[in-house]
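Consider the two complexes below, in which subunit A is the common component and subunit B and subunit C are the respective partners.
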Partner chain A sequence: MTDKNGFFDLSKTSFTRRTALKGLAAGAGLAVAPGFVRYSQAQSSAPIKIGFQSHRTGIGAAYGRWYEKTTAAAVKAINDAGGINGRPVEVIIEDDGTDPGRGAEVVGKFATQHKTDIVYGTLFSHVVIGSAPAAGEAKIPYFVVSEGHHVASTKLNRYVFQPGITDVKSQIQSMAPWIAANAGKKVTQIFPDFAFGYDHRDYLPPALKAQGAEVIAQIAIPPTESSFTKYFPQIPAETEVIYHVMVGPAVLTFVKELGEFYGSNRPQLFGFIDSLEATDINSPGLEFLDGSHFWEGSPRYAQPDDSPAQKAYRAAVGIDDNGAAVGDPKDVSTAAHMFGCWETLYVVKKAMEDAGYKGPEDRTKLVEATEALTEFAEGPEHPQGPKTFNGKIHQCFGIQNISKVEGGRLNVVHKTKIEDGLYEPEGDYTTQAL
Partner chain B sequence: MSEASPAKAYALHLGVIALLFALSFVLPAYHHGLLARIMVLAVFAMGYNMLFGYVGLLSLGHAMFFSAGLYGAGLTVYHFGWSVPAAFAAGLACGALLALAIGLLALRTSGVAFMIVTMMFAQVFYLVILYFAAWTGGDQGLVVPQPARILVLGSASLDLTNPTVRYMSALALFSIVLLVTLAIVRSRYGRVLVAIRENEGRTKMLGYDTFSNKLAAVVVSGAICAASGAAYALLFGYVGSSFASVQYSILPLLWVLLGGIATTLGPLIGTLFMYYVVDVTSGYTSAYLLIVGIALILLVLFFPKGILGTIRQRWLGWLP
Partner chain C sequence: MSGRTEGGAVERYRSSVEAFHFLGLVALLACFSSTPAFAHASDRGHVLLLPTGYYVAGGALAVAASFLVLALLPPDALDRFWRRHLPLVAFGDGARTIVSLISFAGFAILIAAGLLGSRDPLSNPLPLAIWTLLWVGLVLLHGLLGDLWSWLNPWYGPWRIASRVFGRGDGERQDPRLPQWLGYWPAFLLFFAFAWFELIDPAPDDPARLAWAAGLYWLLSFIAMLVFGYRDWSRHGEFLTVFFAMVARFAVVERNEEGRLNLCLPGTKLLSATPLPLSGIAFLLLTLSSVSFDGLSKTFFWLGLFGINPLEFPGRTAMISIGSFGLVLMFVLLAAVFALAVIFGQRLAGGKHSLSNAAGLLVWSIVPIALAYHFAHYLTALLVDGQYALAALSDPFALGWNLFGTADMPIEAGVAAGAGSAWRLWNLQAGIIIAGHMFAVLLAHGFAWRLHQLPARAALSQFPLTVLMIAYTVFGLWLLVTPTAG
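Moving on, here comes the complex of A and B:
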């Protein structure tokens, strides 16, 4: 199918330097842009098109790469099993540069140029929040894999869903009972001084209090900091647990300096693996973490009690027993989060089938069908574990893993219950007009 | 630069506005939406060009003026439920006042020092946004609620989330700023600014108060950038700290350099060019910034004064 008005037809354009000077070069160049490829097949055989908003460049690139691998594996599995409603799934990827401004443009591009059925796959919270208005205005369902609380906060809009990964508020709340019972009652938090850190700052204290423990100090570290030694004297001497969620490239320095500060006589350490996703736990400088505990969404290392579904998922995505790419032990995955891509795509499949989805004209039906979902059983489609879904806040709830660093690997020592992470809904998207 | 009759200059600019208006009816949906965004950001570039192009003051802190407008408009809607015109005015006022305060301090310096001082102020502004995260949403930002983005004019109401209304609103802002910019640069005041750029000492010797003139230029520039930021918040519904980062201070510099320094239409050309180079090349490779870099090198080689700047130098000397 060609562009009806011929505006972008390169063959009809005299493409000289003079015309370029008149400003037509950009427009003409678009004629060969990937987005102008159109399908002329009958709708019944045309693929379901999923626009994947990927962090290929920018700060989220390590996550983006593994999100793409997981997505490719899930789409292959879905297509091998007959696709969605008998139609194959096609993924179209656009890089958002991990930038909210570009993110919104990419959502617009999916909706109006690629004409995808949905948009999917965004991780970083600021990109999700920046892109959500564009999805709501284009009325295109937007399935994110972000773990931020922004979707469940009901501050976005009815077209935004997070059905494949739990949100950070739920994760933090789930950790509190184990920390209070096993690590200690007096907790000092060290977190980055931006939104990701604030979630931990705000949600952990009440969760610990409910378990009879308390946060005795909160140390916010500016995102521009590259050395942390000067902050450690602020840690109260009676601290029993240091709860750390440092992220970014400075984490290696942070751990090394913390080790130098405490030596062998340290409090218990509890952290979120977000700090060390795509980083080898055996990297030089991380020895100090031996014996400490981490939250993991899905375990990085293969566990003795892995279900057949978990084993099949790992094989399909291509990660070995150490959570690194098969054939490249140094290419460590973002295992704790990327399972969310796999599971989200199966939720999309289920919702599209429930809605009898045929094309963009059925997007509102897809929204309602997704909102009607309530449970996802553990199995090949949900290898991380069982989940419940709250259609009013567009957020799933599931189990979490607590792993101990021992012998150079992360061993799961505790799995939380779904109920540990439930909280009162803060709103109701279903009251918004479609 | 030869002088053009006012009619010729205004005819060209009105022609560009008419072309942008006409494009609204023929562009495919994606490019229609993208061009609306480009026009809003071209206003940002025009504000930057006012100071950089015509006064010769290279600022590396204009993201703070853009984001003053962005937050001034966005936060008043989000927290106080202000109407669209009131929020836009708040954004504009924030940018103008900030520019006045920054100008009073930064204009005590010049050259590289001015560049560094403006960059440091912008960094302070960025960190202030992060510090007051409870109000600003910190690095995650805030969504301006869709129901609040409706412009009520008497009995009529315009939904700014509608693509056509958004495009026309962006075009209206762009047109006003373009014509105001043209009027300024053709005015006596505009001549004084160019004189300051060319030789400040001589301008001072001729009896002009160069500090006041430069300060006025900083305020006008800041207000235009803030208008762009306010429009961005209201038209696209997102307010975030990334727009206050140093990247958004460098981007308008790049757009202006590409389009043509001290040309009224250069900012639009530069913004348009950069946007489409990124948009098209990112469809092929994740190394698109490499291609952007090569494109920039080629432009510097063949269009050393920017696209319109070189055209003016070689062929159309009357271009304002």
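Moving on, here comes the complex of A and C:
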């Protein structure tokens, strides 16, 4: 830091938003870093070290950038309010390249080289699945923000948690009551022909059936497809709702061609905003979406009834009323997902405080304290809404938003109940040895 | 960053330590004034909706038309026009040692930052300086301003000092110590290693990993310069010097042997180049093929060939063998097609020149294409990661410093996002790709005139090469519009 005369004044070095994230360099650097001197003097005030497994490069980079911003904002808020157990939080970012193989290496580096207290922040499912064994092996708590069902499936291990964002199974299931009651009873699904699409293919039909509606056709599109017109004749004429979850660069083409296929006389459209996350809803080619509905985890656009907590969260992260970066309106955020970073960090804070967490020797206590959590009230720490937490499957459950595209923005028209997304647990992590 | 298309920087010039990077800043700012784009999936999605087919057809036609027009022009008229220049100031080499020493100090600080600074590749200045400032910004600056690297490289100054300490005198003028048959092969192999590290290695952006790689490369090159002589190793072994010197021949500024700067038309110095040996031909083709492969390797087409789902890209660690194969394959294909074009051209024209002589001369026409690919391919990286570099350089060791007042600057990724940006970026990229190939045709025309005195024969000899250039134009544009992972 420089003082007003431009000279270095290390006595004034403090944890700014930037240092909180850039902070810990290599281990050797820490020992000589002037900014850390005062913490090394007393173990009790040494920082809590969070290893942020971040998609800084690779196909997840657009998400990674916003996960980083949200994390920085949450850490600043936590530190400004006194940190965790009176200790400042320090985040160390390691880039996993959105690469499962590299992800496992990064988890290992956090555990052995940086000696972080936890690992946190992974989004892409295949990276979570690739990294989870390394976390289990190192016995380091691994808090992911992925929305995949892999954590709740109990197929990972006892050290993996997803307490800040609901899983896709719950999300899909909780859409069914609204679709059946408001959009239509005969649903045709169009999805990409790989794991992401299979979640929707598998979880939606039983959920709709329970609501007296049905999936009448499922159209799987090869992931490398970039033109879709030839698939549209497969859509049954009696279709009342097209449920679409296409992802990748050809999404805009998909929407445009669907519009050309139907013209003005189309069935209802229901999609997941994953298709257009970080993409301006007013982009050319998306006109056909006007009047259609989307799932959103947290609303991209500011809503008239936003809670003070939601407003404070948006301001802290730096997104404007349109969900884009403040001062950079073309940089559309990943609002539907990134709130999970904020909320996960507050869950970590709560669990560490409950456990009286002091350091890596207390990691098992942290696991058990996290498993003992049951609910998170809506508020500054959980601005997206209230949640329950199932410690047996390490997964939270919360409300979902259904938003309508109208007037060039996404307006929330329905909020689901937590109960809409609950399902029978598929296992119990707590029976596994620590 | 690497995979650097998505994502691939800049800084402020405050202390002399940072002089090494000042030129990167100039490059970035020059580009800021022109265009934007950040190639994650949704931005390529905007490009997919553009009428790109017309551009591809138009580009191919423009390159073909330039061949036809040139075939009708008297070559000597063109040659006379092209060789015009405007003399500017003259200056000696006196400051070269100190500039290189400053650059070396900057490099050493960056290496230290790589080892001790932030682990985040977008906060640590080393990956941003190497992959964005150096490999993108400085390459483009060489294409514009000439051979800056002969002054800026971090070896010359230390080598001068070491030579004096060891009493080896001015080795720049010593007799060659590398066997002549080695040609550019050491540089070829080292460039291949560099390209492999950039494009295939699982984590070239990891600050510590890169610090070790770059630091070791500096050390080994320095030892090689002490053993083989600075002049010999930098001209035949140190791949950056070789590459920079080649692309600098396209620049609009040249410095002659008397030290006078001249303003000239782009490519003038290429026209007067002497034929490259086989190793030099291979080197130049490898530089183009590696950038081309960087683009190709992310396309749905390439990934589809190996059954890889681009929407669930398995990451670089899963792509090592496929990537290594592709990097070699791309070079072999380009070299084979280039060789065939030269062979057919010479057969058609029936000239008396040896094939190696013709190929060694005509390969220089690749330089503007390589520069155009470099620009088009890495532009988005330069625009976005350039901002990260500006911020990172203010706080190289993540200690909360703000050396240049840029540490907390907001990173505006929006400069490269959205339909409007995609449109402007695409136009700029397409324009540069097409212009690069038209320059290549122009240069090939000049070289053909040197090889074949009869205009008809000269034109005939270029025909196959022109077909290759049209094809490469189409390929280059296709790389920018086809769906890609990430």
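Quick note on the criterion: the second predicted complex is superposed on the first by the 392 of 434 C-alpha atoms of A that agree within 3 Å, B and C clash if a C-alpha of one lies under 4 Å from a C-alpha of the other, contacts with A are read in each partner's own complex, and residues count from 1 in each chain.
As a convention for this text, a residue touches a chain if its C-beta (ideal position, glycine included) is under 8 Å from a C-beta of that chain, and two chains touch if they have at least 3 such contacts.
Here the structure is a predicted model, which means the values were calculated and not measured.
S.K.: Scan A:I129 for contacts with subunit B and subunit C and give back first, second, both or neither.
M.R.: first
S.K.: When the two structures are overlaid on chain A, which partner does A:G108 contact: first (subunit B), second (subunit C), both, or neither?
M.R.: After superposing on A, A:G108 lies in contact with subunit B but is clear of subunit C.
S.K.: Now for A:E368: first (subunit B), second (subunit C), both, or neither, which partner does it touch?
M.R.: Neither partner.
S.K.: When the two structures are overlaid on chain A, which partner does A:K330 contact: first (subunit B), second (subunit C), both, or neither?
M.R.: Second partner only.
S.K.: Once the shared chain is lined up, is A:R56 touching subunit B (first), subunit C (second), both, or neither of them?
M.R.: Both partners.
S.K.: Specify the partner with more touching residues on subunit A, choosing between subunit B and subunit C.
M.R.: Between subunit B and subunit C, the winner on subunit A residue contacts is C.
S.K.: For A:S283, decide between first (touching subunit B), second (touching subunit C), both and neither.
M.R.: Only subunit C; A:S283 stays clear of subunit B.
S.K.: Touch check for A:K155: first (subunit B), second (subunit C), both, or neither?
M.R.: Touch partner of A:K155: subunit B, not subunit C.
S.K.: Touch test for A:F194: subunit B only (first), subunit C only (second), both, or neither?
M.R.: Both: A:F194 reaches subunit B and subunit C.
S.K.: Applying the touch criterion given at the start, work out whether A:A250 contacts subunit B, subunit C, both or neither, answering first, second, both or neither.
M.R.: In the superposed model, A:A250 contacts subunit C only, not subunit B.
S.K.: Considering each complex separately, which residues of subunit A are in contact with subunit B in the first and with subunit C in the second?
M.R.: 8, 21, 23, 26, 29, 33-35, 56-57, 94-95, 97, 99-101, 126, 194-195, 223
S.K.: Along subunit A, where are the residues that touch subunit B in the complex?
M.R.: Answer in residue numbers: 3, 5, 7-8, 21, 23, 26-27, 29-30, 33-35, 56-57, 94-95, 97, 99-101, 104-105, 108-109, 112-113, 125-126, 129-130, 132-134, 136-137, 148, 150, 155-157, 193-195, 198, 223.
S.K.: Please name which positions on subunit B make contact with subunit A in the complex.
M.R.: 26-34, 37, 130, 133, 137-144, 146, 161, 236-238, 240-243, 269, 272-273, 276-277, 279-280, 282-284, 286, 288-289, 307, 311
S.K.: Quick check on the complex: what are the subunit A residues that touch subunit C?
M.R.: Residues 1-2, 8, 13-14, 16-19, 21-26, 28-29, 32-35, 54, 56-59, 61-62, 65, 92-95, 97-103, 114, 126-127, 192, 194-196, 223-224, 226, 247-253, 256, 276, 278-280, 283-285, 324-325, 327-332.
S.K.: Which bits of subunit C are touching subunit A when the two form their complex?
M.R.: Listed in rising order, the residues are 1-3, 6-7, 38, 40-42, 44-46, 48-49, 115-123, 202-203, 205-206, 208, 300, 303-304, 309-318, 395, 397-403, 407-408, 410, 412-415, 417-421, 483-486.
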